[in-house]
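Each of the next two complexes has subunit A plus one more chain, namely subunit B in the first and subunit C in the second.
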Partner chain A sequence: MESFFKLENINKTFGTHRAVYDVSLNVNKGEVFSLLGPSGCGKTTMLRVAAGFEDPESGKVFLDGRDISSLPPNKRKINTVFQNYALFPHLNIYDNIAFGPRIAKIPEPEIEKRVKNMLELIRLEEHAFKRPDQISGGQKQRVAIARALINRPSLLLLDEPLAALDLKLRQHMLLELDRIHDEVGITFIYVTHDQTEAMSLSDRIAVMNKGRIEQIGTPAEIYESPRTKFVAEFIGDTNFFVGKVVERLDGEYCKIDLFGFGEFAFFNESKLDAGANVTISMRPEKFRVYMERPADSAASGMNLIKVKVVDIVYQGAQTNYWVVAGDKRICVRQQHSRCYLDLRQPTWNDEVWIAWHKDDANMLAGVSQNGES
Partner chain B sequence: MKSRFTSLLVTLFALAFLYIPILTLVMQSFNSSRFGGEWKGFSLKWYEALFNDAAILDATLNTLIIAFCATILSTILGTLSAWALHRFKTKLQEANYTLVYAPLIMPDILMGISLLLLFVSMGADLGLATVVIAHTTFCVSYVAFTVLARLQDFDFSIIQAAQDLGAGWGRIIRQILLPLLWPGIAAGAMMAFTLSMDDFVVTFFVGGPGSTTLPVKVFSMMKHGSPAIINALSVIFMSLTFTVAIAGQIITNKKSHK
Partner chain C sequence: MADLHLKNNLARSFSSKSFVEIFLTMPTALWLVLFFVIPSILIFTIAFHCADSAGGIGSEWTLETVKKVASSNYVAILWRTIWVSAAVTVICILFAVPVGYFIACANRKIRPWLLLFFVLPLWTNFLIRIFAWRLVLHPDGFLRKSLIFCGMSDEVFLLNNMGAVIAVTVYTFLPFAILPVYAAAEKFNFALLEAARDLGASRFKAFYSVFIPGIKKGIITALLIVFVPALGSYAIPDLIGGVSDELIGNKIALRAMQNRNLPEAAAYAAVLAIIIIAPIAVWFAFNRKNLRAFIKARMGGER
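Up next, the complex of A and B:
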């Protein structure tokens, strides 16, 4: 697919702070593309460059094949949904939404039709003549979305649109956003620091850190196969292990000496040779917990270690066990597909076995050479 | 109940303290006695005399001309300086702030003398123009600080939102900034108008022949004219000031409650 929106080698510095380092990205037509990262990672700067509110020191912005780098915000076919909604407080909902089309000098009957459609889309027909301070936060956010969408932009930018809402409302608005995206089919760029939002909504995610993109991929790729330590840690929970490759095994596997645990087989994702240092990321839910040593673990491609339970956090749907092996704490997560009370469960100081499949661990790029933990 | 009674009493006392002198003035303006004091019957003769006095009518006209000009000038300058004080961040801003603030705390007499010295050393003819300039000078500060207060709770992201939706600066000023800042600007203008109309000290210094304003006229009438006419004049003058001040209040309240 050819890229619809493109940022090319963007650099931006504020005073002495370098906000964005030579970042490029391609967004496909119709997709929801998220920029995900902690605050200060440069994601909002990227969005403001896309909207035209910031001039990058270098780099180009392309929309639908056209270089729009030098166009001011009011000349770009891009609209933004601001974090604090930024509704016009002196105009009612109707006039807020009609603001853009009126500038575009669209005839008033046509505007009326479009505003009505938008009000239907955001399900606020009965609030058209209220002022922004008479409606709730979630409703304001929907008005902000309608006000942007009515201009039929090629690209809609959303800057942490749900950050100001409480949890329940946020979950509801996520579904609303998804529905609106399905209905209008416009390309979305969604900026957030919330991994759940990004995972639920996006077709692809770019994880940003310190002004650089660490990884771009689908939500599943980002979660299941993080390329860097930062991505593995920022999205979900994980355990890191360091070790050294002992030898390459048949097929695509290798044997790694995990320091302090012994030697295990792993999928050799980075095609490393013997002697290479590696860092491995293991998600807590990839482990299975056994009260007794399971019999056929080796045969079914599992790696196995004996550990002691030191902490138990029961969360209803799942339990997090903190286990130790030597001086290494490992977080292990068990889903309760059976009733928790009916079965014998590991308790404090129990010696249990944890096992993982040799395909389920993740070799991290970039940090494998220095062997830090 | 007791405390309510006390507070009522205190309120009444305070109101009496503030308004009895004014009420006396209003009453005396309708007293047919020449020197006040004793009530000698209701009469409108002082108002009649007032409206037949060409010098007073001249002074009224001067006062209004000066107040209008000073209000318009100081509203424009004050709004712009509030914008500059709020929007630009430089090391000079603190000094700028003090400069705009200074006229608020500077004694009128200092202001009057210094402006007089300036005008004289420039060789300017004292008259309407110098009074307008002098009034504008102190009114700017009042306008600037009322508008600045409004700007401080102004959400600037809506300007970006307007740009994002395709608006240029002309439209942003007309459809976003002015409607939202209007209550502050209007309140500042009303304040400027009343201040200019009331001012005696500065006007006394920088005015010249032909630029006598009502306050200055009243002062000279106290010495040479009829105090009873002054009463009538003061009542009219006061009603005008009150009207403008109350109108200003209503506009600000209505807008800030939305």
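Up next, the complex of A and C:
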């Protein structure tokens, strides 16, 4: 598929700080694409390059097949929803939304029609003549979105649009954003440091770290199959194990010596040969907990370790167990699909068995001798 | 219910506040009455007397002095005073807005230095600065000689004309215009300019339709701070201007100091005071209306 919006080999330096290293990415038409990463990872710089507020030292920006690298922000068919909304305080909601069309010199009756449509879309019809300081944060957010969308941009950029809202409002606005995206069908690029936001809204996510893209993929790919240690750690919780490949088994598997635990079978995604050092990421919920050693039939294709429970954090829907094997602490998460009170549960100092399927561990790429990436 | 609650709260905070407010504003109010209200009333009453032969104030009430002030000669001077002050104010604002913008945009570390750069001239005595200007603009001065060397006609004189008066008055008042504009610009959210650019505005359009309204209060303050003293200036037209460049301030000084005609000086001063107070009164009335509309909108919003 021909990409709709493309950033090609973007480099940007502020003073001595290199914000973005040679980043390229392709965004498809109509998708919600997220740039996800901790603060200072370069995601906002990428967004500002896309909008035209920053000139990259090198690299090109393409929109709909056209090179727009040299166009100023006001000549790009791209609009931005700013982090702190940046609504014009001297204009009311109506005039804020009408700002873009008025600059484009669209006739006033047409503007009125469009603003009304927008107010309907963001469900703020009755607040049209209030000033920005008279409405709530969530409402401001919606006005900022309407003010951008009314210009019918080819691409909408959203810079941490929910960061200033409280949790409940954030969850509500997330659904609202999803609804708006479905209704207008415009391509979104969404910048956030919040993995939940990125996962719930995006078609694809680019995880950024220190000015580079670590991985691009669907939310499920990013979560289930992180390629680097950073991605595995940044998205959700995980346990890391280091080891060495002992031998390749039939088909796609290999036997790995996990230091301190013995030898286990793993899915050999990277087709590693004997002797290779590996780091393995295991999500807590991928483990199963058995009070007794399970029968071989129940545990076919599973790897088993005997551990001791040291910490229990009950969270209602799930419980996190911290277990130790030797000096390694492992986090194990159990969902409660049955009533927690009815069952015998592991308690402190219990010796239990934890098991994982050989397909469920994830081997990380680019890992050196000591397991650091 | 919530609305009623809010109103009660407002009422309570107002009534308890008003006593404290009156108490705390007493010194200021006293000061204003002693040094502004009473002298103003004195000037207004003196204007309705005649001068006696000894240079004092006659005891009888008369309209003669006020009538004299209304004669065409003085109206022309008054008119000149107003347009010169207006021109000075407009030029000051035209300089102050971009300067305030650039200082506010500048690096946080160099901002105080830039400000100092504009305030520094104020550390020198006002009259000395004016005399310095006389030297700069003098017919035999370096500036005029250089300009003539560069091709300016030698019939042009830089000193003792209205242009010189306006230029030096602008120079004198510019720091007072820059400070309030900068104070407003410093609080301005520059992300708004990016938002305007993002929505299709050119650099100029963004500046004009977002930055200017954003620093409106600073501009209005600068307007008043320049326009009002400019109306009363007399040293600059006296030292820099020509014979026909007298402003109302010169007339007041002349009548009070040399002619010993205090009632006539008082009459000019009264007219000047009215010209100064009227726009401020209008501005305040406008602001109070704004304030009331704001409170109304706030309480309406709660409903």
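In the analysis below, the second predicted complex is superposed on the first by the 364 of 373 C-alpha atoms of A that agree within 3 Å, B and C clash if a C-alpha of one lies under 4 Å from a C-alpha of the other, contacts with A are read in each partner's own complex, and residues count from 1 in each chain.
The definition used in the following text is that contacts are C-beta pairs under 8 Å (C-beta built on N, C-alpha and C of every residue); 3 or more make two chains touch, one makes a residue touch a chain.
If you're wondering where the values come from, they're calculated on a predicted model, not measured in any experiment.
With subunit A as the common reference for superposition, the partners subunit B and subunit C occupy clashing space. Residue contacts after overlaying the shared chain place A:Lys130 against subunit C, while subunit B stays out of touching range.
Residue contacts after overlaying the shared chain place A:Arg147 against subunit B and subunit C alike.
Of the two partner chains, neither subunit B nor subunit C is touched by A:Met291.
Legend: residue contacts after superposition of the two complexes on their common chain; A:Phe82 is shown touching both subunit B and subunit C. Using the contact criterion defined above for the overlaid structures, shared-chain residue A:Leu249 touches neither subunit B nor subunit C, since it reaches no partner.
Residues 51, 53, 72-74, 78-80, 82, 84, 86-90, 99-100, 103-104, 131, 147-148, 151 of subunit A contact both subunit B in one complex and subunit C in the other. Of all the residues in subunit B, the ones that touch subunit A in their complex are 155, 157-158, 160-168, 171, 176, 179-180, 258.
On the side of subunit A, the complex with subunit B involves touching residues 51, 53, 72-75, 78-80, 82, 84, 86-90, 99-100, 103-104, 131, 133, 147-148, 151. Of all residues in subunit A, those touching subunit C in their complex are 51, 53, 72-74, 78-80, 82, 84, 86-90, 99-100, 103-104, 130-131, 134, 147-148, 151.
Against subunit A, in their complex, subunit C makes its touches with residues 189, 191-192, 194-202, 205, 210, 213-214, 216, 297-298, 301.
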